[in-house]
Amino acid sequence: MILSLKNVSKSFGALTVADDVTLDVPHGQALGVIGPNGAGKSTLFNLITGNMRADHGSIYFEGCDVTTASPMERCLAGIGRSFQIPQPFEKLTVFENLVVAATNGRNLTEAAVLDDCAEILQRTELLGRANILAGRLSLLERKRLELSRAMATQPKLLLLDEIAGGLTEGECKALIQTIRDIHLQGVTIIWIEHVLYALTSFVEQLAVLNFGKIISVGSPEQIMASKEVQEIYLGIEV
Amino acid sequence: MIWVDTIAQGILLGGLYALFAAGLSLVFGIMRLVNLAHGDLIVMGAYLILVLVTFLGLPPFLAVLIAMPIMFALGWSLQKFILNRTLGNDVLPPLLVTFGLSIILQNVLLESFSADSQRLPTDVLTTASIDVGPISLGVMPLLAFASAIFVIVGLNQLFYKTSLGRAFRATSDDPVTASLMGIKPANIFATATGIAMIVVIIASLYLGLRSNFDPNIGPARLIYAFEAVIIGGLGSLWGTLLGGVIIGVAQTVGAAINPEWQILTGHLAFLSVLLFRPRGLFPRAND
Amino acid sequence: MSYKVQTSTRTSKIAAIFGAFFLIFLIFLPIFAGRSMIQDLFTILTMLVLAQFWNLLAGYGGLVSIGQQAFVGIGAYTLFAVVILGGVDPVPAIFFAGIGALIIAIPTAFLAFRLNGAYFAIGTWVIADVVRLLVAQWKSLGGGTGTSLPREATKDIWMVNSIEVLLDVKSSAARDILAYWLALILAVTTVGGIYWLLRTRRGLALAAVRDNFEAAKSVGVDVMRMKWTVFLVSAFGTGVTGGLIYMQKARISPDAAFNVTDWTAYVIFIVVIGGIGTIEGPIIGVLIFYALQSMLADFGSWYLMTLGVMAIVIMLLAPRGLWGLLSERTGLQIFPVQRRLVSLKSLKR
Amino acid sequence: MALLQTENLLAFYGDFQALFGVDITLAEAEIIAIIGANGSGKTTLMRSISGLLGNFSNMVRFGTIPIGDWSADKIMGLGVAMVPEGRKLFPSLSVEENLLIGTYGRKTNGYWKLDTVFELFPILRERRNNPSTTLSGGQQQMVAIGRALMSNPRVLLCDEISLGLAPIVVKDIYKAVPAIKAAGASLIIVEQDIGQAMAVADRVYCMMEGRVTLSGTPNNLSRAEIHNAYFGAVA
């Protein structure tokens, strides 16, 4: 088990955003997470990455307790993440964005990470834009940069937060292909997404989240067919 | 017995420092902006009162009433046309602009009033003192302390009981949503700085009556105000009064031991509070 | 297909050549330059070094301190203590000045890092004031009124009489020339050192933290270590400079050595007007500072007023300073830092 | 003459285009619903109408007045009130103060006052002096709606009222919509909960990737059409 959450909960005043969440993710799995807006999906990510500290419960990564570890320590342990709204280093070039992640995330010199960064850029089709300031990238390129930068830290677990949001169908299909390559290299992936067709064509397991609770977990076919998901997700009286 | 007297003087001095700090705390509470020229504005206020006193022949306590609208207008336009442009998440612009402002103010005052120290004319009232049991308390320091209480009660009433106060707090929480309520954040910030300048002119009055002043003493006043605000906890006015009293007492006790140690002991009191309660004694809940 | 990283540009190569020639010219300058020129150049070089270290702290590290005068003062007083009490020759004592500043920097950082933004700035100012007041109590170094370097210490400073012989000048002129050369060495090592730091992975991480604090943490950048390194390095450098400045002056007092205007206000204006967050900025800034000083020297406070107004106007209209404006329009880079990925294949063609 | 309309409305975040020429109209005493997946431009549309996002002046019109480039506080003064996505109550204000601040830019003596808002949402009367942060999600949503009503707006913009709320709570809140309409406001409701939106709206617009892909009255739009317009490609 690469990641396991045990009875994790978090609340702000009267608003509970994570309610007794227990989740186990085996090595190499591709898990999708869906749920309506405000269901607590991003909160779940922030609890795993350490940007938010759980009120109770504990989080284990590769068997060791990271509940109170800082975002930096969790990154060094092997948890990579992309932000829902891309957060590039705007005044650095695309290549430099990756070098920062690789040299700090893997604690290596610049020379040692040079080829790896170039190779990642090639895989995410950003090689031609390597020397452009990240601030001048389009939305799709910014999302590709989020992905590449997370990959540059060579994570064992990659968290994707609505990375397909706002993309056209064609752009989405190309991005899914890149994520599939990453997954084939043995990287465990947890992907929050609204664009359902992007998820269902890729993930092996799907978890449904609402009001900060995991409502159900299962194969994409089971979940999409279940009455419950139809009702709360699409709101259409089924 | 002299210890009781020293501590009493220290408490009253704390009232003056709270007056220095109240304007700083108000503006920081609303805009997260610290004006490094705050001390120099206090000194400028003292010179403004001096000008009104000498040229219009008014007593200081009347001159300050005339100076208030002038200072409000000055503060309002300073915020609207200069400081509003520096607001944003980069901490550099407001710091560097107000630092430049502090240097400009000091030198404008130097050019216009020369470097020799001045003092507002005191009369029998301002130099009198009352005997309370074994100790005698100056009327002026007592008035300063009372004014500090009055200003803090007044600001709290404004803040928590009026529609303008609601607008201040709403804009401080979330300027974007505040504009959906019909609030113009730029004008709210300008009004806040204007009100802070009115508190500043009250502080200038007591500064000018209590001791000599010259164009270069602004920065020291800023530091005392800053220490009072930090000890008290950001944005809490009553905390600022307590912070001022702690600095005032530390300074007077230090001076009683060795005159050279007055400022030093004030700083050491500040640093020790900083060491144990980094967010001050009354940190605001959502700060 | 393997790759190479390129950083230097055509302009930076040309600039490097010019820089080398100019440096050689500066080294031999004392042979023909007058004593007042040497003293002015000494001021320019020392202010440049202070500006570079403040820029490293605020421009690159995002730590706006108004307390660097503490390290100038502590550096100077450590030098005087080591020379007067320890009998060490003033020149090697300059290194101890840096050590003294470093020792004070540790508790200062420990306290000041509890505050952030504007409160960090004023916190450093308070701590500098505390250090000044403590030093003023140090009776053996002249307490509040200050003291001077003793005759026998300044008589045979290392290398001074060989300069006297070499350039046949009086010993006081020889001391100025020695101070000038030391300042030149200090300036070159500082600019070179900061430029080297910016080209290491630490420098890149520093730029990343300044650009997006949250994102930097999420890719493993150790932000606290960055802050500490930058703070201690600038404290050491500022201390060494303080030692050198007061070795040349040979006279010291707490109010002078810990003066906010001379060692912090001027330095901030130099960096802001020149261009914060660049190495070229402070260089341009110190030249403007010197030009203004010579033009307005006898107008006293008008000089400071002009600096204040210029700083505000530039901060509001061109936050990246004069160099920022210039390099934006022309793309000129004397100290390029940007790493460009170049594939070896395209290089061979 | 429409009460409020957008004409070929474009919107950009830096160099990223969010809206590609959107035309919607709102008539007097009408409720329109705007549905669409996350990132389809619904909230950008609301931010453009409310003035949080600046546009060219004639891209948004209130009656005959072009307000595309007006600031949010001026538009609010005209009588266009917004219930922002995520409620956005002011933490340092109590429930009652949050309601009162709603009248800051537009003083009226219309139907909606403190008492009438408390009648609409009785739970708020007893919680009036509590800080708004101590309320549940549903109660906070009621305060956000009440706050917008306090200025007696002619147009009420509701952005994702169902966000993070249980279905029964959403139904409870939507029960208030007829009373709001009866008091003279026209509504634009942006909603993810399609069923709820269709139940109250006179007309529906469906958006995808910054364009209106479908519009009509709820009963003549089939579920399949909405499903396609909502998701684009079939799963």
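Note that the chains take the letters A, B, C and D in the order they are written out, and that residue 1 is the start of every chain.
By our rule, a residue touches a chain if its C-beta (ideal position, glycine included) is under 8 Å from a C-beta of that chain, and two chains touch if they have at least 3 such contacts.
What you see is a predicted model; the values in this text were computed from it and never measured.
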item: Chains in simultaneous contact with subunit B and subunit D; value: none
item: Graph separation of subunit C and subunit D (steps between touching chains); value: 2
item: Distance-maximising chain from subunit B - centres being C-alpha averages; value: A
item: Subunit A-subunit C separation of Cα centroids, rounded to whole Å; value: 44
item: Where subunit A and subunit D are represented by their mean Cα positions, the distance between them in whole Å; value: 31
item: Distance between chain centroids, defined by C-alpha means - subunit A, subunit B (Å); value: 49
item: Two or more partner chains touched - positions in subunit B; value: none
item: Multi-chain contact residues (two or more partners), subunit D; value: none
item: Topology of the chain contact graph, where touching chains are joined (line, ring, star, complete, other); value: ring
item: All chain pairs that touch each other; value: A-C, A-D, B-C, B-D
item: Touching residues (chain side subunit B, partner subunit C) in the complex; value: 32-34, 36, 82, 85-86, 91-97, 99-101, 103-104, 106-108, 110-111, 219, 222-223, 226-227, 230, 260-261, 263-264, 267-268, 270-271, 274-275, 278
item: Interfacial residue positions of subunit D with respect to subunit B in the complex; value: 50-52, 71-73, 76-77, 81-82, 84, 88, 90-93, 97, 100-102, 104-106, 147, 151
item: Of all residues in subunit C, those that touch subunit A in their complex; value: 1-3, 5, 200-201, 204-205, 207-208, 211-212, 214-223, 338-341, 343
item: Touching residues on subunit B, where the partner in the complex is subunit D; value: 163, 166-167, 169-170, 172-174, 176-184, 286
item: Contact set on subunit D toward subunit A in their complex; value: 15-16, 37-39, 86, 133-137, 160, 162-167, 192-196, 209, 223, 230-235
